[in-house]
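Data block below; observations after.
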Amino acid sequence: MTPAEIALVWIGSAISLFGLSFIWFGDSIFFAFGQQLYLGAACAYTFFTVWKGLSSSAFTPISAGRVTLIISLIVGALAFARLTRWRWAARYPVAILSGIGVGVTFGLTIRSQILVQISGTLTNLVQVKPDPISAILILIGTLTALVYFTYTREHTGNYGRIVKIGRLFLMASFGYILATDNILHADGLITLLQNLIRDPLKSIGIVW
Amino acid sequence: MSKSIYQRQIPLFLIAVIAGVFIVEYFLIPIDPLKALKDELLAWGVNMSAVAIIFGQVMLLIWHGRVLSRAGERKETRRRLFESGVFVGGFIAFGLLALSDPKTISGDLFTALYLAFVMKFSQGIGSCGWPAQVNAVFRMFKVTSLETLTIATVYIVTWLRYLTAFTAFVPGIVPVVDWIIAVPHAAAQRAGLIGSAVGAIIIGIRALVGKEPGLMEYEVT
Amino acid sequence: MVFVAGIVSTGYFLWRAIRGKTIKLRSMAMLEALPDVVDRAVETGLPIHCGAGEYAYLSGMYAPMTIAGMNVLRYTARLCFRKGAKLIADVACNPEAFPLMDGIVREAAVSEGHPEAYRRENIRWYGPTEAHWQIGLTGQIASEGVAGLVLVGAITGMTIAALGAVRMGGGLILGGTARYYHNGTWAALADYSLFSDDIYAAGAIASGDSLVMSVQAAGDYVKYVLMAVIIVFAVIAVAGVPVLDWLKV
Amino acid sequence: MLTLDDVIKKITYKRLATIILIVTCIPIIFPIGLPIPVSSQTTDFRKEIDALPQGSVVAFGFQMSNIGQIPQYGPGYQVITKYLASRKLKVVYVCVSDVSPLTVEDVIKSSGVEAAYGWKRGEDYVITSYIAGEETALASFASDVQGTVAADYYGTPASQIPLMRGLKTLADFQLAIASYGTFTFADMFARQWAGKYPSVPLIVFGMFGTVAAYYPSQVRGVLDLDRGGAEFEVLTRLPGAYSSRMDARNLFGFTLVILMLAGNIAYHQTVGMRRRVGAGFERAFFGREEKEAEKQ
């Protein structure tokens, strides 16, 4: 490794420590330094990414004659109207983007979040997967957990009992996803510690 | 013309029309002109979204200026000055670094410094999440009911399944967790997805008929 | 079919609501706790952070979650301005909703009779990626303190460091997301959680508009229809009818 | 006398973090070498690669939600890349997040495949530029490779890249690999790649739970992040960072489970099994019931 590379490894490790120090020392001057440097540098990176993106999605097509895209840039720039007394004009880009969002979501949501899920439940039943009892349990779990997500009736009496069964399925699911999420974050810490302990030493030739 | 018309009614109408174009194209009439209109609107969305990021960056710089100008005590001013200085310094330094290379942000020096500074800090702060989770589990997971017993048991069993030393000695844990994933988790996830899909559809329909208050402020000036 | 059921059901409840026959939704602990959190903010002098999550975009798949989050933001902002608490609105990494959030906070300040309480610097955007959001919000919470974090919308796994900062600062955490994989984290880390569809119902309740709530109630009936469909299809599918082919998408 | 509950109460947020940190550091400094059994998902992952003849082309879908994930996922990308190169396969890295191209470039450099296996850019591997649009991007690449990837990350037009010639749709690839940091991408890959092109086997480097529903029918093999990576390192005998991380994960996990159990024992020693209003997790999930109980 060149001296410059070694220096970068040590600087990088110090910067990581600035971030990790937050757990014990909260808002220290080191944390603030790392934080603001990150935000500033990453904003510069994004500026170039956005510019590159606009070049290919707007400037190049516009110069090739697709002039309607100029309108999108002008309407998008109306967001800056929030800084003026004509702040209502910023509602136009918001309206167009919301319209796209709502429209795009509609069909895809019905397909991927409703039809695919119903189809999955039925597939388990038809193909008797993973086994007959489990397939029936999946059906019961899906139905009762769905009852939990109703809001016009209080969850009491017999209705409440059905909800309680659904909640058990939800609890099992949340336990699983919480554990896997925890493991992911634990691995993040382990990676960091491994980098912090081994990389600087490796850069000066200490390996074990 | 009433102010309300161009300040609220037209934008609300635009939302309904644009959303309508997408819905009609998806469900009812997949004809070429409608598809072309949809593609055009998507292209607009990409550009407007990019402009929104530039707007955000300008607002961020304004924010630094405002906060600095409003800082009261000397200590606070010093701190704000330091923070804003580092932010602007980082922005300018990395910006110039990118400009100095024909490959801009793909340049070797830029990549090396960006990985050393930005990625490393991101990794450091990214590793601050686990104490919150560990603390929550340690302090809050008290088994007091069937529900909490279920979540705590599944939580522990899942953790054990992902510990290689445990699975080496108790391989039976693997099919147990695989069953949890395939049965209760799959069932609950399906219900959760169906439920939230219905909620999203209702919001969409409210937007279509102009009755969704979350889409626009009421103020007319 | 689902689309038609949604339209018919929503249309019917909208028509009923316009005629004055409104429906109330069941109470939600998270919304009921919100005034207490605002009181706590007033007592301690610490701010409340409120947002719709780091993925609260308008133009993509998360638009409905963003919209639900905006209703909760308006409700929280009104409570804060009414009671004199400081509110900081956290804008998502893609700032498409920045003008909307700015407008809603300003509107809340004006409608509560405290236009002077609106300050543009309290609508904060931290940067264009999840990591920016996490680092920026965590830093803000650490340096300024926090009485409560109210996040309802499109949340990702990157919120956890910020949630840790809130915990360290003794603040309360309220909220949730319809992004299923993050419900586990919110179940454990939040003081009052919302899961999946809960956020849409919470948004409707927070809007305070009886018409909006009534329309949201239509969702329950769509769900009942879907449950019936699942049961009927399950029976006939087991009997050998090619139901799965009908559902092919 | 000091009870378990007293001890538990003394473990504050920072002390808890310190305990976990120290425990996790120990095996990193002094590796223990705990056993790593190989799961069927990892074996299946390798089998799919081994089944390919030399010169086959692989589409490597590459998504990362942020740059901070590089150290965690990097060794996985490296070991997979090394193995693909050692099998003399050709790879098109399909970058569907903005930090992906930068990451792939780093992976190629740090894994040393160019020197070790004579891999050449354009002939043996291609890094696409960032293709925006998430699911749309995946669908678009699958249906029209040339139209979606007009040029690679370095600006070379696709028509001038030898490896890209003849690649029209995903069906022209012999294997697809999906890797992602954002969980929702699992479904997108399954829908747009495995769902629409079943002839091209899909294997995944990502959290198993996100693709469990598709395994083994649509997703033929899974490397379950760090654990899967460690298993793959053991299986392929290509040493990497994951194997040594498993010791630390084991200690982290066991400590957490013990602490959680201790917390529960201490809790029940002091309050018994009766339901206490506002206790622990109850407060988070059953806040409404708590309020009702308070009213009563």
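All chains are identified by letter, namely A, B, C and D, in their written order; residue positions are counted from 1 within each chain.
The rule we apply is simple: a residue touches a chain if its C-beta (ideal position, glycine included) is under 8 Å from a C-beta of that chain, and two chains touch if they have at least 3 such contacts.
Remember, predicted model here, so these are calculated numbers, not experimental data.
Here the chain pair with the top count of touching C-beta pairs is A-B. In this assembly, the chain whose C-alpha centre lies farthest from chain D is C. Once CA atoms are averaged chain by chain and compared with the all-protein CA average, the nearest chain turns out to be A. Separation between the centroids of chain A and chain B, computed from CA atoms only, is 5 Å.
One finds 15 Å separating the Cα centroids of chain A and chain D. For the pair chain C and chain D, the distance between C-alpha centroids works out to 29 Å.
Shown for chain A are the residues that touch two or more other chains, namely 19, 22-23, 32, 35, 38-39, 42-43, 46, 49-50, 53, 79, 87, 91, 93-94, 97-98, 100, 102, 104-106, 109-110, 114, 118, 120-121, 139, 142-143, 146, 149, 170, 173-186, 188-189, 191-192, 195.
Looking at chain C, residues 2-3, 57, 59-60, 64, 66-67, 96, 98-100, 103, 126-129, 131, 135, 138, 143, 157-158, 160-161, 164, 167-168, 180-181, 183, 185, 187-189, 195-197, 201, 216, 219, 223, 226 sit in touch with two or more other chains. Contacts with at least two other chains are made by residues 13, 17, 20, 66-68, 71, 132, 209, 213, 249, 253, 256, 281, 283-286 of chain D. In terms of which chains touch, the assembly is arranged so that all chains touch all other chains.
Chain C makes touch with chain D in their complex at residues 27-30, 32-33, 60, 129-131, 156, 158, 167-168, 179, 181, 187-193.
On chain A, the positions that touch chain D within their shared complex are 23-24, 49, 53, 112, 120, 176-177, 180, 182-184, 186-195, 197-198.
Chain contact summary for the complex, chain A toward chain C: residues 19, 22-23, 26-27, 31-32, 35, 38-39, 42-43, 46, 50, 79, 81-82, 87, 90-91, 93-94, 97-98, 100-102, 104-106, 108-111, 114-116, 118-119, 121-123, 125-126, 139, 142-143, 146-147, 149-155, 170, 173-179, 181, 184-185.
The touching residues of chain B, counted against chain D in their complex, run 46, 106, 111, 114-115, 118-119, 122-123, 125-126, 130-131, 134-135, 137-145, 147-148, 151-152, 155-156, 159-160, 162-168, 171, 174, 178, 181-182, 185-186. The touching residues of chain C, counted against chain B in their complex, run 2-3, 6-7, 10, 14, 57, 59, 64-71, 74, 91, 94-96, 98-100, 103-104, 106-107, 110-111, 120-121, 123-128, 131, 134-135, 138, 143, 157-158, 160-161, 163-164, 167, 178, 180, 183, 185, 187-189, 195-197, 199-201, 203, 207, 209, 211-212, 215-216, 218-219, 222-223, 226.
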